[in-house]
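What follows is a single structure, written as structure tokens, with notes after it.
Lettered A, B, C, D, E and F in written order, each chain numbered from 1.
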Amino acid sequence: MSLPTYVQGAWFGGALLFIFGLKGMSSPASARKGIVVAGYGMLLAIAATFLIPGLKNLALMLAALAVGGAAAWISGKKVKMTDMPQMVAIYNGMGGGAAAAIAAIEFARGDAHSTVTTLLAVVGALIGAVSFTGSCVAWAKLQGVLKKAHRLPAQNAVNVVLAAISIGLGAAMVALAPAQPELILGFFVIALVLGLIVTLPIGGADMPVVISLFNAFTGLAVGFEGYVLGNPALIIAGIVVGAAGTLLTQLMAKAMNRPLSNILFTPMVAAGGGEAISGTMKEVGAIDAAAMMRYASKVVIVPGYGMAVAHAQHKVWEMTEILEEAGVEVKFAIHPVAGRMPGHMNVLLAEAGVPYDKIFDLEEINGEFGQADVALVIGANDVVNPSARTDKSSPIYGMPILNADLAQNVIVIKRGKGTGYSGVENALFYTDNCRMLYGDAQPMAGEIIQHLKSMA
Amino acid sequence: MSLPTYVQGAWFGGALLFIFGLKGMSSPASARKGIVVAGYGMLLAIAATFLIPGLKNLALMLAALAVGGAAAWISGKKVKMTDMPQMVAIYNGMGGGAAAAIAAIEFARGDAHSTVTTLLAVVGALIGAVSFTGSCVAWAKLQGVLKKAHRLPAQNAVNVVLAAISIGLGAAMVALAPAQPELILGFFVIALVLGLIVTLPIGGADMPVVISLFNAFTGLAVGFEGYVLGNPALIIAGIVVGAAGTLLTQLMAKAMNRPLSNILFTPMVAAGGGEAISGTMKEVGAIDAAAMMRYASKVVIVPGYGMAVAHAQHKVWEMTEILEEAGVEVKFAIHPVAGRMPGHMNVLLAEAGVPYDKIFDLEEINGEFGQADVALVIGANDVVNPSARTDKSSPIYGMPILNADLAQNVIVIKRGKGTGYSGVENALFYTDNCRMLYGDAQPMAGEIIQHLKSMA
Amino acid sequence: MDGLLALYIFMLAAFTGYEIIAKVPVILHTPLMSGSNFIHGVVVVGAMIALGSAETPLEQAIGFFAVALGAANAAGGYVVTERMLAMFKKKEG
Amino acid sequence: MDGLLALYIFMLAAFTGYEIIAKVPVILHTPLMSGSNFIHGVVVVGAMIALGSAETPLEQAIGFFAVALGAANAAGGYVVTERMLAMFKKKEG
Amino acid sequence: MSLTIAVARERGDGESRVALVPETAKKFAALGARLRMEQSAGVSSHFLDPDYADVAMQPGIAEAYAGAGLVLRVTPPSTAEIDALPEGSVLIGLLKPYESKERLAALNAKKITAFALELLPRISRAQSMDALSSQGACAGYQCGLIAAARCTKFFPMLTTAAGTIRPARVLVIGAGVAGLQAIATCKRLGAMVEAYDVRAAAREQIESLGAKFVDTGVSADGAGGYARELTADEKAAQAEKLARAVAAADVVITTAAIPGKKAPVIVTRDMVGRMKYGAILVDMAAESGGNCELTQPGEHVIANDVNIHGPLNLPSRMPTHASELYAKNLYNFLSPWIRDGELAFDWADEVVAGTVLCRDGATVHPTVKQVLGEA
Amino acid sequence: MSLTIAVARERGDGESRVALVPETAKKFAALGARLRMEQSAGVSSHFLDPDYADVAMQPGIAEAYAGAGLVLRVTPPSTAEIDALPEGSVLIGLLKPYESKERLAALNAKKITAFALELLPRISRAQSMDALSSQGACAGYQCGLIAAARCTKFFPMLTTAAGTIRPARVLVIGAGVAGLQAIATCKRLGAMVEAYDVRAAAREQIESLGAKFVDTGVSADGAGGYARELTADEKAAQAEKLARAVAAADVVITTAAIPGKKAPVIVTRDMVGRMKYGAILVDMAAESGGNCELTQPGEHVIANDVNIHGPLNLPSRMPTHASELYAKNLYNFLSPWIRDGELAFDWADEVVAGTVLCRDGATVHPTVKQVLGEA
């Protein structure tokens, strides 16, 4: 199939735009431009395809484009922000399905191909199909259509057997190419079932990682089918996404503190929906703490004795300055007994050069936590312990506290699970909107600064 | 020419190692590992080449390898550090020559090639040949063999004419392929002369940029000849270097504050050797200031009134801490009248938390500048003005000064060309070992910090 | 297509993909996943080619299916990503 | 070799080269130039192939010349780069 | 009849604080209380009579106290002042509960319900009522200022055209509320500060202010987290380390105290003998006997050319803010028990029960009874 | 016969500095000079006689001065002290050149060559000899400490369980050497500091210390960089802005001076009348008349309930370091002219020529002659 130069050239341009688009998307500052650039790449690639001479089934093609595109466009526009992840899953699954379908057509047509080509077609079809049904399950789970985690008795064994069968069938297809329709059908059925079975037992909390994995799969499938079709634009887009997606999957798993293998093979037994992890301390990385604050409009910082111990005040003020430069409103909330002496925090903040008009005491600031996007608690503990309000048996009962828990997000920097002066546990750390950033306050503030700067 | 898989595989491996090697070399922390990785890639690629079945002229080949390799290895080991740049130039030129020679063989052989292939062969030959003679001239100039900048009367016109002729001849070779030996010979002669003529008028100070440009040229030539030979390893290594080299050339030109076109077409009239730029203020970027200090063993910081005006003390101390963590010894040198009141610097450094044992006064520190790799002058001026020692007419004559000028490198952070309290020019800023980092001291220190962190 | 060249392309593309993602903040994980999801929507081009050369009704059916899915992938991926990234609107400093 | 594929390889290789260099400190400019100079020393492989198939004395002569130059590029490039980078020895923190 | 709160001018030697400031007066009034105050009682703290909008000014103490249900004081009342107190009224202040049996007897004779803020339990909830902390902070700050002002050297390092001044070395002994504030004040002024305290947690607290902990090398941490008795050798080693730190200092500030007891003697005559010529010692514990053997409360002693200051009533040197904080402590203690202008304590409340000294004609605080031998 | 340098105990009121410290004594000796000193002259600065290893101690001033070629002093000599000076000897010190015609006459009568350090040209090279700067730094620091110690409020902000203390507001008028040091000292203690000076460069200098410049909105910068005369309206606007800043301050420190003239009156009676009750004013210019209309030099005046302190001889409150710096100034001035134990000035040298007050029986400094009308 020799194509006119302008088609090839347009595809080449598309591939180039994809790469630049993806590059743009990898930094918060340019992310929005990135998707637009990639969008132009897509338009270019599709438009060029129409220019291929002798294209058949044009009406059908337009209809398919219209149906698929419009449905997805509209649903994508309408979906609630919170339901986005499942939409990503389902669109991704469709891409996988398309890749598998392309392979299916090639098989159905039964053209002679080199062994390598057939092999890649089969591999692409397999992972495309798995990604298709797997993504559908992921969607169903996140959407709440599928409520329970369905775990088969010998789940892992079943997975392995199914995978082995599909690989066997695939191998047969390569060996016997062109293969019989029954073989092809069987292969696709098993591959689709495999996607289902593998995904069903995975809990809602792990889903984003799995979706990312399927995303990488689809990318690879597209890349392989691109090879089969002799289309380098597909190859490049697919493989770039495959590689990026694989790395992304690993990063996500790492951020969740769950090795990928754990997620896939020993899924958490999710009680109901995706709420399995409520009631535990949730860790967060400095880069996310930075991003949360960078894109907040109001941040309240609650320093405590730990900031003093860590001598973190200079870093904290530097961080504040960067945030303010980025247009974030930052205030310091000083609890009357923060630290270990009256005015402990004042001494330190003054030393760091924090202007007095950014420092507020409990009465002045407590009403404002509700409007804060982030409350950053730095080495404070007792002074933000909500049980002082309610738990009569607590030694700190009756002490007024800073209402950090009312902020939309709470980030707590402390070294570990240490308690404060009063020696009691802090319920705040276990709440849903609270994230722990473990480490000495000084280097942690330093890391946040570094990340903030890279988001300039 | 179909080659065994293991040869192809080894070449593939070589290409991969080149990429990783180059990536390694782009960061100070991994640079040394990078060159070693790339070295393994080279060994692998060469070794595999011997395994090509039916390789002729093996003895000759070994002899050539031994002669070329040994000569270069030995000269490379023996050359003085200060003479390195010309060695890079000459080795680079050889690469260009090799690429041109490969093309020459192809032309000589007169095999039938596609137009594209012939075109690339010609282009590769042209830039390879230009790079060859150009690099030789660069070497000769830097080595002092060629002492003067030779500028023809209508240099630019001559350049254009020569370039046009060589392109014309090249076009003829593509059109008439296989071309007559006379045409081929003429083409090469003109190309070689072009390289000479273009390079001769360029001054020594601009040479590094030109060498970098020829380096990129050689890379492209290698890439193109790789295409001619159907060898993707050559293509990738060549093009990666070509792209990297082009970018590098631009970066270098930017760092010298001379647009590339200026360097090539309106060369500075270099008086003698490469000393044309002595006696001017030389700018430096924050990233270099960072790198110079990061890889120093001793840094002395000289703060002045500008640090106070910029309120940069906190940043400066943060920078110091990072340097010390990296094993650099850092001291603060306080001049008796730095700032605008007795003890001005002390107040600020204390506020930033600089421990007293890092602060030294003039008498304590002045003997140490000689051992300092870098003296970082932050917003100080009069207190490091060497004319206070010698110029009886200067209003600051007789005031003891900090001997920052004795440090191996001096970096001065100030906003512009402003004078200090006494209103006199500072000779230090014009000395050879001094670099100016223009900008408000606070953001500049911040930038240095950021770069230091990326060199962790 | 030459397998060896394809291998080089795979290698370079993978390297490119890896380099691009190497250091992204976690906050971008989801938008980036969505964005790369969009990019492999280019499969629609492959599907169009396949449909464009489909002869039998079966091929046409699968082809239709493939194009529709691919189009959905591309269109949906774009919209969703675009919306997610809207939150990175530049604030006036 | 397929020109289109070569174009893709050129593009990806160029992108890769660009990405790798994009943010290097000036202090690395010279070593990096030298290092990339070393890498295009791989031209010696091409020269070897050319010499390996050389028939006439002229071809052999040029081939010999090419291999020797290429080898010098590779060997010299390595040594010089290695020496330059020795100054980036890691200090014990 | 609603609660009447009365305040008189403090008559103690050099006492310039006042137990009611305009801000707390307004708040008490808002709770429905009536307020009476001896005129000009706030003047020495720079609160003028017109500032007290809600308070009825009285010409003398007798008029002020007449008919009062609750009397606010800073210092303990003298015998004459006790006479002026209405029978059965409530009295609150820093009453120095361990100082005088006679005073307690006089109060009990008049069936005064007396709260001594020194006895306040140090639980989290009571921190806002903790007058020892608030006045301790004032005292520590003043100690730092006195030391700086009396020192014949600069505190900070100063590199000048006429040579470099090395920073002064300050040693703070006892790092409680006041000691930490003294550390912070001296640090702020640029001195090199070292500090020492027997409490194990003090090290981290001292270092959190950027000062250096004097490590005597001896740990009193025993098994199970309890402090253990030190051996004689260990005690000697400890004393020697401390003596060396004292000898190296330009300024020594001592703030060590043990609640209800005489202050421990830490700086001996011998150690003073090893101090620098012209050095300064500010002994904040002068009031309870002094941490230095040579301290004379309220005096400036020069011994072995060392200036030993034993300042008394330090918070009174900054009466505006000391009064403000103290008055808020009182308000925080009392306000939960004033409802609709009536005072009604919950005697089961830990804070109330822990702070009450005399009630219904008897001394009721167990520790005080024990210490004074009235058990 | 080699040069003999003599130093006597300073007899001025409350003067505790000394013109020679052990370190400079050693350096003078190294230059070949012989040194004589009245015994115990350094004691009030905490330098003991045995510390001066190279100096011959004398029982009295007469013995010390006898046969001296060069006499070092801090303050100007009294008539009796002039009597003790050897005829034709060289005298150096802070001689208050504009203060007394009689003193100059007495010096000239004895053909004393007198150097007044107040007259030192302020060129870069002479900075190390600039006693006004070194003593000004001491004075500014002391001003800050006095203000903090006398203030009835905390300087720093303090968030405590008993409420938040807002930082004190300090206004420094005159931002020369001493004023800047006062700013730095108050800033260090945590106060909110504002400052004002007429010099255009002062704004940046004030801000470089983190303080706020009081912008009167009126610029005295005229054409060609010269200061221009302000219009009456402008002057009024300026005064009103400043008065407002004074009224808002808890503490005002004034340091404005004009060399050789009476200090400008900046804070008028009227402005004091608008100050806060209990506010503090420390007038460093008291010695030269005061920047405040109500200042009484050396006194503590309470006017309109504002405490106006007019402290004198501030550097003398920190004699150890003040003497150290001053003695080094003297050494730096003199040492270039002492060669092999002989004193020989180069009268063409800008610094020597600019500083000399009396020579060969006549007053030679042109400005002094002009001011005192002896031209």
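Methods note: contacts are C-beta pairs under 8 Å (C-beta built on N, C-alpha and C of every residue); 3 or more make two chains touch, one makes a residue touch a chain.
Just so it is clear, the model here is predicted, and its values are computed rather than measured.
Student: Which chains, if any, touch chain C and chain D both?
Tutor: Under the touch definition, chain C and chain D have A, B as mutual neighbours.
Student: Hopping along touching chains only, can you work out the least number of steps from chain A to chain D?
Tutor: Tracing touching chains, the least step count from chain A to chain D comes to 1.
Student: Measuring centre to centre, with centres taken as mean CA positions, what chain is farthest from chain D?
Tutor: Result for the farthest chain: E.
Student: Contact counts by the stated rule: is the higher one at B-D or A-F?
Tutor: The greater number of contacts lies at B-D.
Student: Can you check whether chain A and chain B touch via the same residue numbers (shared by over half) or via different ones?
Tutor: Mostly the same residues.
Student: Note the rotational component of the Cα superposition from chain E to chain F, reported as an angle of 0 to 180 degrees in steps of 5.
Tutor: So the angle, rounded to a multiple of 5, is 180 degrees.
Student: Give the label of the chain whose average Cα location is farthest from that of chain F.
Tutor: C
Student: Calculate how many whole Å lie between the centre of chain A and the centre of chain C, each centre taken as the average of the chain's C-alpha atoms.
Tutor: Result: the chain centres lie 17 Å from each other.
Student: At what distance in angstrom does the C-alpha mean of chain B lie from that of chain A?
Tutor: The mean C-alpha positions of chain A and chain B differ by 40 Å.
Student: Quick one: chain B and chain F, Cα centre-to-centre, how many Å?
Tutor: Centre separation, chain B to chain F: 56 Å.
Student: In chain D, what residues contact two or more other chains?
Tutor: Residue numbers touching two or more other chains: 1, 5-6, 8-9, 12-13, 15-16, 20.
Student: Would you mind listing the residues of chain F that make contact with two or more other chains?
Tutor: Touching at least two other chains: 127-128, 133-134, 137, 156, 158, 160-163, 165, 188, 190, 210.
Student: Note the residues in chain A that touch 2 or more other chains, in rising order.
Tutor: If we look for residues of chain A contacting two or more partner chains, we find 19, 232, 235-236, 311, 336-337, 342-343, 347, 350-351, 353.
Student: For this structure, give each pair of chains that are touching.
Tutor: Result of the pairwise touch check is A-B, A-C, A-D, A-E, A-F, B-C, B-D, B-E, B-F, C-D, E-F.
Student: Residue numbers of chain C touching chain D in their complex, please.
Tutor: 1-2, 5-6, 8-9, 12-13, 15-16, 19-20
Student: For chain B, which residues are in contact with chain D within the complex?
Tutor: For chain B paired with chain D, touching residues are 11, 14, 18-19, 21-23, 25-29, 31-32, 34-36, 38-39, 41-42, 45-46, 49-50, 52, 54-58, 60-61, 63-73, 75-77, 79, 81, 84-85, 87-88, 90-92, 94-95, 97-99, 101-102, 104-106, 108-109, 114, 116-117, 208, 211-212, 215, 218-219, 221-223, 225-227, 229-245, 247-248, 251-252, 255, 284-285, 287-288, 290-292, 295, 297, 325-328, 451, 455.
Student: Spell out the residues on chain B that touch chain C in their complex, using ranges where they run on.
Tutor: Going through chain B, the ones touching chain C are 8, 12, 15-16, 19, 232, 235-236.
Student: Per the contact definition, I'd like the list of chain E residues that touch chain B in the complex.
Tutor: Within the complex, chain E contacts chain B at residues 156-167, 190, 192, 210.
Student: Sort out for me which residues of chain E touch chain A in the complex.
Tutor: My answer: residues 123-125, 127-128, 133-134, 136-137, 177, 180-181, 184, 187-188, 204-205, 207-210.
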